Amino acid sequence: MFYSKHLNRAVDNLKSNPQTSLVSVSTFAAAFCILGLFMVLYVNLDSLLATWSRQVQIIVYLNDDLKKPQLKKLEALFAGNSEVSSVEYVSRQAAWEKFKNTFSAETEFLETLAFNPLPASYNLRFKPGPRRVENIRRFAEELRERPEVESLEYGEKWISRFEKFMVFLKVFLLAIGGLLGLGLIFIISNTIRLSALSRKNEIELMLMIGATHRYIKTPFLLEGVLQGAAGAVLALLAAKGVHAYMSFQFSDSIAKIARDADFLFIGPSGILILFGSSVAVGWLGSYISISKVLNMVNES
Amino acid sequence: MIQLYNVFKTYNGNTPALVDISLLIKERSFVFITGASGAGKSTLLKLLFGWERFDSGQILVKGMNVGKIKKEKLYLLRRHIGVVFQDYKLLPNKTVFENVAFALEVTGASARSIRYKTSDALKSVGLFKKRDSHPMQLSGGEQQRVGIARALVHNPAILLADEPTGNLDPDISLEILKLFEMANQQGMTVVFATHNHELVRRANYPFIILDKGNVVRP
Amino acid sequence: MIQLYNVFKTYNGNTPALVDISLLIKERSFVFITGASGAGKSTLLKLLFGWERFDSGQILVKGMNVGKIKKEKLYLLRRHIGVVFQDYKLLPNKTVFENVAFALEVTGASARSIRYKTSDALKSVGLFKKRDSHPMQLSGGEQQRVGIARALVHNPAILLADEPTGNLDPDISLEILKLFEMANQQGMTVVFATHNHELVRRANYPFIILDKGNVVRP
Amino acid sequence: MFYSKHLNRAVDNLKSNPQTSLVSVSTFAAAFCILGLFMVLYVNLDSLLATWSRQVQIIVYLNDDLKKPQLKKLEALFAGNSEVSSVEYVSRQAAWEKFKNTFSAETEFLETLAFNPLPASYNLRFKPGPRRVENIRRFAEELRERPEVESLEYGEKWISRFEKFMVFLKVFLLAIGGLLGLGLIFIISNTIRLSALSRKNEIELMLMIGATHRYIKTPFLLEGVLQGAAGAVLALLAAKGVHAYMSFQFSDSIAKIARDADFLFIGPSGILILFGSSVAVGWLGSYISISKVLNMVNES
């Protein structure tokens, strides 16, 4: 009952300054849309990283002319690691066949090559788990020391680079979110200040005829919250639109990059965070300005 | 009811607006305040409902020590008081009815009693027919009467009226005076600041004359 | 100087504010307009400087046909006229001096003549000492006198004064009246709307009584 | 004289509502900065396109076992085209040497390859000129018909793709510029409207005491123009900052992509266009709103 009256007054305020409200809501929407799209980017890169790291395997290239016992020793080592899920042996011959199959279409002269330049190898796959990449890294370093091993590949460079990039992206996201948040608090506080100033006489009169401070402030706080909420809803709709468009346009390329990963949208918790922070920003901005205006009017 | 003890008031350190004022206005009494332009009449009224702070002295209104009330609590004092402002202070975006109803709304009255009491107040100042007009569409005197209706609508214990008949012709001035007298007979304390010597003479109530911030004759 | 022929005025189709008014106010004359609250005094003055449009009839002011002047050209009429507004219309962000000087500035007067004339006008209403105050720091009557100074500062051919003494005590009211009389003797046409019967009686100038939009006695 | 007074009043207006002015100037700056960066992108891609198309050459791969007269015939054809600036013959042997030089470090087995799979070729370079790419395209089509020619390469696909992309970018730039312009007109008009509304009483009084419409409007128009100009200056500074940062950070990669092209900033005419349009937007926005407010006050 108390709030429905105040809500009416807040809506009246919004309506009585439609252009300013529109400017502030759309600035809100634009800013939160940008933030939302960055979050979409982050969510997807994160899921991509998960998918890829799920596919990480160690390829252990072997020295030529290893004896059976040496191979057995290595295999025992693999079996001793509880993280390893599968071991595949690729002989020199098999490697050469595969290589030729891959490239024969393009260069015929490989056929005539007299000897096989490729080494034999083991392909190790790993069980999923939280410290997966770390475990793989440790095991790879252990294997590298073995005399049987010629060299070793497990895409460590790009994985760690990608991980660093994700950290950077997270920091960047927080920084830009903080900056946009400050800017938006400034903008909302300005809008509410103008709304309050345009009602300065009304506020003064309310004080004079015995209204409580809470009674005076509440509609302005609601006004700020409404603007924040409206901006967030618009932003989420716009971001969802962009997301849908991109899914549609680039579904092929996405499928290529990450076969089993969809192009994701921000999850429910992300949506809640966006919505919650926009409401908080709206509330804070209006709280600051209405308090200032109230003090100013109440001065003398 | 209203007591002032050695009250001093200067505006931002300049020439004093009120000098050593001591007054007693009893409950249910009717008092005029007169004095030349700039004598301090409006200032005195503003002190009584806590709108301006004073430099020294004591003011007691309805048992409350006005100088000691916190800003956030002043509404408790103000809900006992109705004020007619020299410059009306009507809200241009609200209709006449809404302007008067506003004084009830801010105290959280029920919608039904607001309708009822507002209509009553408008009838008593003869403006019920203009209830849907906006202040801009009224003559100066009509606006003044809306201000009077708003001050009376919540039936306050004290009425502070600052030049309530400044824009009214003598006939309507007398009617407004009668309105205040009726309210006074029903128990309202009335403090009436005016230049209108004729009105003061005619009504024959006690009056206080201010001259450059000093009480000349209590 | 000022001629009205069968002028009718209604506000948005409602009850008429002025009914079939015909008047002649000669150059250099001094005329009172009286009548009850809501009789149409302010409306009549607003028609004369082209602020409100009228429904039918003709108004001639200083040889100009007021009803025919385009909005963009009305300033030509208004520069011959000084207006004292019932609600003062002072700008709260400007000082007293700036408020009065403003009427000269908008006409593009030189800085020197602005300083000179403004100081003169403020002295004549007794507010030169308060020139650096802001309107909010003045009493009601002081504000009214600032409005009067502003109306007189550019020495207009015609002065339209709407209740210029509404917030003034009898002594200052008489002084203001004398001010207007002096200006009138120097050639200014003065139209003075007021409720103050005593003033009208005392000054002994022709007066026009309005009653519900009709001229009762020219 | 007339304008200095009005300028003072405009500056007073700006100062009396600093927060709103700041919001509108910084929105302006942000929008024009985005626009400016897009222009930087466009300018650079355009210059890159120019550089690359200057390097376009036709490589004419020849059928094996051509006779001298056939070669002479072709060379006569090249000489007959006035656009061709140089012709270089690469024999099969030379091509094979070059190929081996390029790849030998990585795969030793090429050494042992018994025969040479590469064709001989002509490299044609062309004189600079406005219709250069078009001429090359035409000449290439002509050559493709010749029986001596096995196949032909001149990067036509990526050039025409890039050209299409540049057209798209231009359209996109105009569209986003138009949209931002409209949004900014809206924002400026809102700011000026608020500025004018907060002076509604003053405007009314000015009308009543005989000010001309022009006298009333001018400071508000100047206010809009000042906001636009300030926004444009800030935007250009910010864009220049981003540009300088990018030049510094990516100077290597830039040098790689386009050896003889610098990372350019918007030229003087571009700067003038940006500045001019921001001033125009400021003027237009304030003109719309002050006219509306003036009419509203002048109504009754």
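Going in written order, the chains are labelled A, B, C and D, and every chain counts its residues from 1.
As a working rule, contacts are C-beta pairs under 8 Å (C-beta built on N, C-alpha and C of every residue); 3 or more make two chains touch, one makes a residue touch a chain.
The model shown is predicted, which means the values in this text are computed figures rather than measured ones.
For the pair chain A and chain D, there is no chain touching both partners. One finds 63 Å separating the Cα centroids of chain A and chain B.
Chain centres here are Cα means. That of chain B falls 29 Å from that of chain C. Here the CA centre of chain B is 69 Å from the CA centre of chain D.
Because contacts link each chain to exactly two others and close back on themselves, their graph is best described as a ring. Pairs of chains in mutual contact: A-B, A-D, B-C, C-D.
Contacts from chain B toward chain C in the complex involve residues 11-12, 34-39, 41-42, 86-87, 137-142, 145, 162-163, 166-172, 195, 197-198. Taken in their complex, chain B has these residues touching chain A: 49, 51-53, 71-72, 74-79, 81, 83, 85, 89, 91, 93, 102-103, 106-108, 150. On the chain A side of its complex with chain B, the touching residues are 16, 201-202, 204-213, 215, 298, 300. If you check the complex, the residues on chain D that touch chain A are 19-20, 22-23, 26-27, 107-109, 112-115, 117, 183, 186-187, 189-190, 193-194, 197-198.
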